[in-house]
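Structures follow.
Look for chain A in each of the two complexes below; its partner is chain B in the first and chain C in the second.
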Partner chain A sequence: MGLTGMVKNPRWIVYSLIFIALLFIPRILSIHDLMLFEYGITFAIVGLGFNLLLGYTGLLSFGHGAYFAAGAYTIAMISKYFPQAYSLEILIPAALFFSMVLSIIFGFVCVRHTKIFFSILALSLSMLLFALLFKLYHITGGSDGLRVPLPTLLGMSFKGIRRPEFLSGTYYYFLLGMFSVSFLVMKGIVSSPFGKALQAIRDNEVRAELIGIRVRRYRLYAFVISGMFVGLGGALWTFVNGHVTADLSHWVFSGEIVYMTLLGGFGIFEGPIVGAIIFTYLKLYAMGNTQYWMFVIGGTLIVLVLLLPNGIAGAFAGLWTKIKKVIEET
Partner chain B sequence: MKKEVSRRKFLKYMGATALTAGSLGATSKALGQAKPIPKDPIKIAAVSFLTGAAAAPFGIPGDNTYKMCADKINAEGGILGRKIDLQSKDEAGGVDAQVKLCRKLILEDKVDVVLGYISSASCLAVLPLADELGGLIVAYDCGTHELMEGAKSPYDVPKFKLGFRSKAHLGIDNIALALYIKKNYPKINKIAGINQDYAWGRDSWLIFETAMKKLMPQVQMVKTLWPPLGNTDFTAHISALMGSEPDIVHSSLWGGDAVTFSKQALGMGFFKKIRMAYSRGEPYPQEVGKDYPEGQIICCAGTHYFLYTPKDKASADLQKWFVGEYQKRYGKYPSYPCYHAFQAIFAYKHSVEKAAKAVGGWPTIEEIAKAMTGITFPTPSGMLTIREDHNGIEDCLVGITKLTPKYPFPILDKMEIFPAAQVNAPIGMKTVDWINSWK
Partner chain C sequence: MWIIYTLNGLYFAALLFLISLGLNIILGVMGILNLAHGSLYAIGAFIAAWIIITLGTQVPPFFLYVSLLSGLVGVGIVGFLMEKSLIRFMYKRTLEYQLLLTFGALMLLEDVIKMIWGGQAYYASAPFELLGKVDIFGNVYPAYFLFVMFIALIAGLLIWLFMSKTKLGIMLRAISLDREMATGLGLDITGLSTFAFVLGAGLAGLAGALVVPTTPALLGFGHEPLIFGFIVVVVGGLGSLKGALVGSLLVGFTRSFGIAVFPEIELPLLFLIAGIILVVKPEGLFGR
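This part shows the complex of A and B:
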């Protein structure tokens, strides 16, 4: 699609409008809501990566917490052992690199299988990393985790600035930039021939192989790209949260990634983004308002699976198609 | 440009932050006016595990105590006439969830103080938020000695201007156990350890081992086992321990793990030859009942024991009320997390009252924090001091289980109290360095 095509497509107009709105969000939201929204954005990047596997390649991973942890721990470890390199322009590529290495190793094992076998393998490998992070406690802080200070950016130091101030200023725009780039790159990937090949593999593996797609290799590529996006999300999340623990690699955390993708809808490109932001608010407000918050989260999942199998974004998209149909008919 | 905008924004939205509140406080003091006492209730958030493995042994008893104490304070007219509006929150959901929740409590719900946290991980992640957000946070039950300590001794105190812990850290349990063993079993020569394989277990063993090596250098550490958290089958561990024939086995097991271990060890005849030394064993005789083995060394994480009578009258009266009222309400004797909850909520009450006296009116958060630094007040387990490092220090009680006809579970016999100065490192010194400096 050329530039003119993009302009004509209403989808891109909506994207641009949303982007402009996002630029002004720090002026609208309270500092608390803004910090919460930043959690949402980091998970939106995670969701984009995760959905390349689930929505586009048809592989459900219950172990993506591992790559999130890879990104997060890259930051924490550098701050602990190489504080002189503690600058965003070094940290982000480093996080991408380490999550890539980890997803190549884990992906190599996982993509030999599909369906439940793939899911369980991904889960067990992430638990392996969890066990390491948990056990090597002198290095990783174990269950107590590691505290993460504020980084520098292109020589700008944020010393003396408190975290909320940092998060509502420079960092928000940095995050927004990273998110926009991730969004465009992922959009490019899924609409490229490579993305179409992944969808062919998802729909019919045998047929894909017969038309000459190297199925296992393509799955590995998808796995690694997915892992890197999740790692990037993890790295960016670290500064928002300020503390990393081994729990990030636990399957419960991976489950949350699956949950938010289902919540938004994995059949739609924007689904996981919607899901990530809604989930962040849902969990916090459930926790803040009732002791039975797990019941709320579980109940929502049941309602979701039974009534909105395509997620929230999916439901809206469905509604939109219906409306369009009605308009066209009349 | 962007930075400037954000700064303005920040100040705008953080009306209640340190800066604004501090300057407001300064102006009114300069004008010599008494600050009015607001009429609305004080919002106190109490965060404990209400779901999960730590709920039954710690979270629920702690939360019960917060409710009981808030009722007492309210019945007696509140704090400076303001009633307490207590909000119980769940500590489950992971550390990131706790960071988010704490930010919400301070920035959105605008609570006056956050009391809470049982897990050391929660404390480590949440306490720095006090200064970041300009809210008062009092940690009430988490054990890690790292929380308030710096990287190297001597370190600067306090680590957090608005963050406190109203209890002593796990150092006291393990140092007191070592001192007790030295005093009562000077002839032993083999010790083993069984501790959960995570920070809590590792830290507990580290302090105990360091202290033991210093106090009784002749003692051999014959076995150290690290079962995972939430283990359900200890038979292999028990055989391994029995095989290494120690005289005493140190353990910081808690909750279901401590109960399961006791029951399985009893069945295997473990206690015929070996004595356990539990750093936080106080709640479990009551949980297990008559089956709980006699002759086990138990530490109470302070002097938190329902049969202990503090020396001073004010504390002794509180203890009488505390044990009686808790038993009446919940049908049990209070365990150590209950005492910790009392300490947290009353640390806030006493600090507000102390600060109010000094400033004449309702104090700001900074003034409350200043008053809390170095405060001493009576609690059911004796006088409690919160030092300049914002950490509580406590005496520590150790005893040995013994069945009596009066109680349906073994109670502690041969109780010994180790005074605070003997079990807490001095201000600015890391616990491990302090132990190593013992002569």
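This part shows the complex of A and C:
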């Protein structure tokens, strides 16, 4: 799609308006709400990556926490062992690199399978990483995890600045920039011939194979790209959270990634973004108001599965199509 | 010492066998991977611990051992309610929804456990202590572990006889082979599915009840067994009963000798072995 095409498409006008609105968010929200929103944005990047595999390739991974942990631990490890390289412009490529390496290794094993076997295998492999992170505590901090200091950016040091100020200033715009780039890159991927090939594999594996798509290799590419996006999300999340633990690679955390993707709706490109932000608020609201927050979250998930299978964005899209139909008929 | 490690391996394998047998029955008959299986196991542990503590030391020891069956029955009832209220809507849905529903059920059940039994630990070691220790080739070993192996063996034999000799078992196997054809032959799919889920859940509950005399029941009790159950199912092959047996033995021995030789990396080692088996034989040892 060329630039003129983008201008003509009302969708891109909406995207630009939302982007401009996002620039002013730090002035509107309190520091607490802004931090929550930043968690939401990092998970939105995770959701975008995860959905390439679930929504576009038709593979459900219950182990994507592993790549999230790969990104997060890259940051933590560099801060512990190579503090002189602790700068965002080095950290982000490093996180992308290590999540890529891990997803190539794990993906190679996983993409030989589909359906439930794929899910359970991805889960088991993420638990392998969990076991390593958990047991090798003198390197990784085990269940206590590692603390992460503030990074530098292009020579700018944030010494003497407290975390909330860092998060509401420079880091928010850095995060927004990373999110916008991820959004555009992922949009490009899913509308490229490669993205269409993935959708063909999802819809009919045999037919895709017959028209010359190398199914297993394409699945691996999708797996690795998705792992890198999730790793990027994990790395960015680390600075917001300030602390990493082995639980990031636990399969229950991977389950939360699946949950937010479904909450938004995995049939729609923007669905996981909506889901990530709503899930962040939902979880915090439930945790703040009852000690039985898992009951609330789990119950919501069950209701969602039974009554709203296309997610929130999916429900709105369905409603919109109906309204349009009614308008056209009258 | 090696005798002790071997026996420990058999003991782990016995528990894992009960857990993965349940997972495999549910997976085979209904095609659903039950992520809430670990929670069912934990509920079995809590029910049994609660009953043993309530009975106290006044009753004859025999009743304490019978009360371990409460895990089987109690969790069977939980499984019945769960199947009737949630799982039955999932048979025609796709994989994503099936997995997410059981994931939701897992979170729900974890908090239900917290609501009923609170956050404290439940100690119910009476059945373990009453059996005392036995001497095996000069090594002292708790007799209760042998008792658990014996129960798992009996349960395994009963399930095997049931699946291969009774009409009900053959019908269940027919459904797992070809659901559509089984429907066409007029089998009562709804009823049989409920039965399979109750059976699988009950086995998890029994495993939980058998463990609780050796370790106190705590919150998050079912997390680790669930993961081991998954490894057994993946390594042994989806839905295969023979696979569940061989997989349990493999995982049990790896764990027991792993703890003895490389205590730090016993868990990663296990995943590594499972990974190698899957690269060589992607469908698992006895997968279809």
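Definition applied: the second predicted complex is superposed on the first by the 330 of 330 C-alpha atoms of A that agree within 3 Å, B and C clash if a C-alpha of one lies under 4 Å from a C-alpha of the other, contacts with A are read in each partner's own complex, and residues count from 1 in each chain.
The rule is simple: a residue touches a chain if its C-beta (ideal position, glycine included) is under 8 Å from a C-beta of that chain, and two chains touch if they have at least 3 such contacts.
Since we're looking at a predicted model, the values are computed, not measured.
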Chain A as common anchor, with chain B and chain C clashing or fitting: clash
Partner chain in contact with A:318 - chain B first, chain C second, else both or neither: neither
Chain B versus chain C as contact partner of A:113, first or second or both or neither: second
Touching partner for A:242 - first (chain B), second (chain C), both, neither: first
Partner chain(s) touched by A:309 [first = chain B, second = chain C, both, neither]: second
First, second, both or neither for A:294, with chain B first and chain C second: both
Which of chain B and chain C A:255 touches, first, second, both or neither: second
Contacts of A:135 with chain B and chain C, given as first, second, both or neither: both
Partner chain in contact with A:267 - chain B first, chain C second, else both or neither: neither
Residues of chain A at both interfaces, chain B in one complex, chain C in the other: 134-135, 252, 291, 293-294
Chain A-facing residues of chain B, complex: 2-3, 5-7, 9-10, 13-14, 50-51, 88-90, 92-97, 99-101, 103-105, 107-109, 119-121, 124-125, 128-129, 131-133, 144, 146, 197-200, 202
Residue numbers on chain C that touch chain A, as the complex places them: 27, 31, 33, 35, 86, 89, 93, 95-97, 99-101, 103-108, 110-112, 114-115, 223, 227, 230-231, 233-234, 238, 264-265, 267-268, 270-272, 274-275, 278-279, 282-283
Complex contact set, residues of chain A against chain B: 26-27, 30-33, 35-36, 39, 134-135, 137, 141-145, 147, 162-165, 168-170, 172-173, 237, 241-243, 245, 247, 252-253, 280, 283-284, 287-288, 291, 293-294
Partner chain C, residues of chain A touching it in the complex: 54, 60, 62, 109, 112-113, 115-117, 119-121, 123-125, 127-128, 131-132, 134-136, 251-252, 255, 258-259, 262, 266, 291-295, 297-302, 305-306, 309
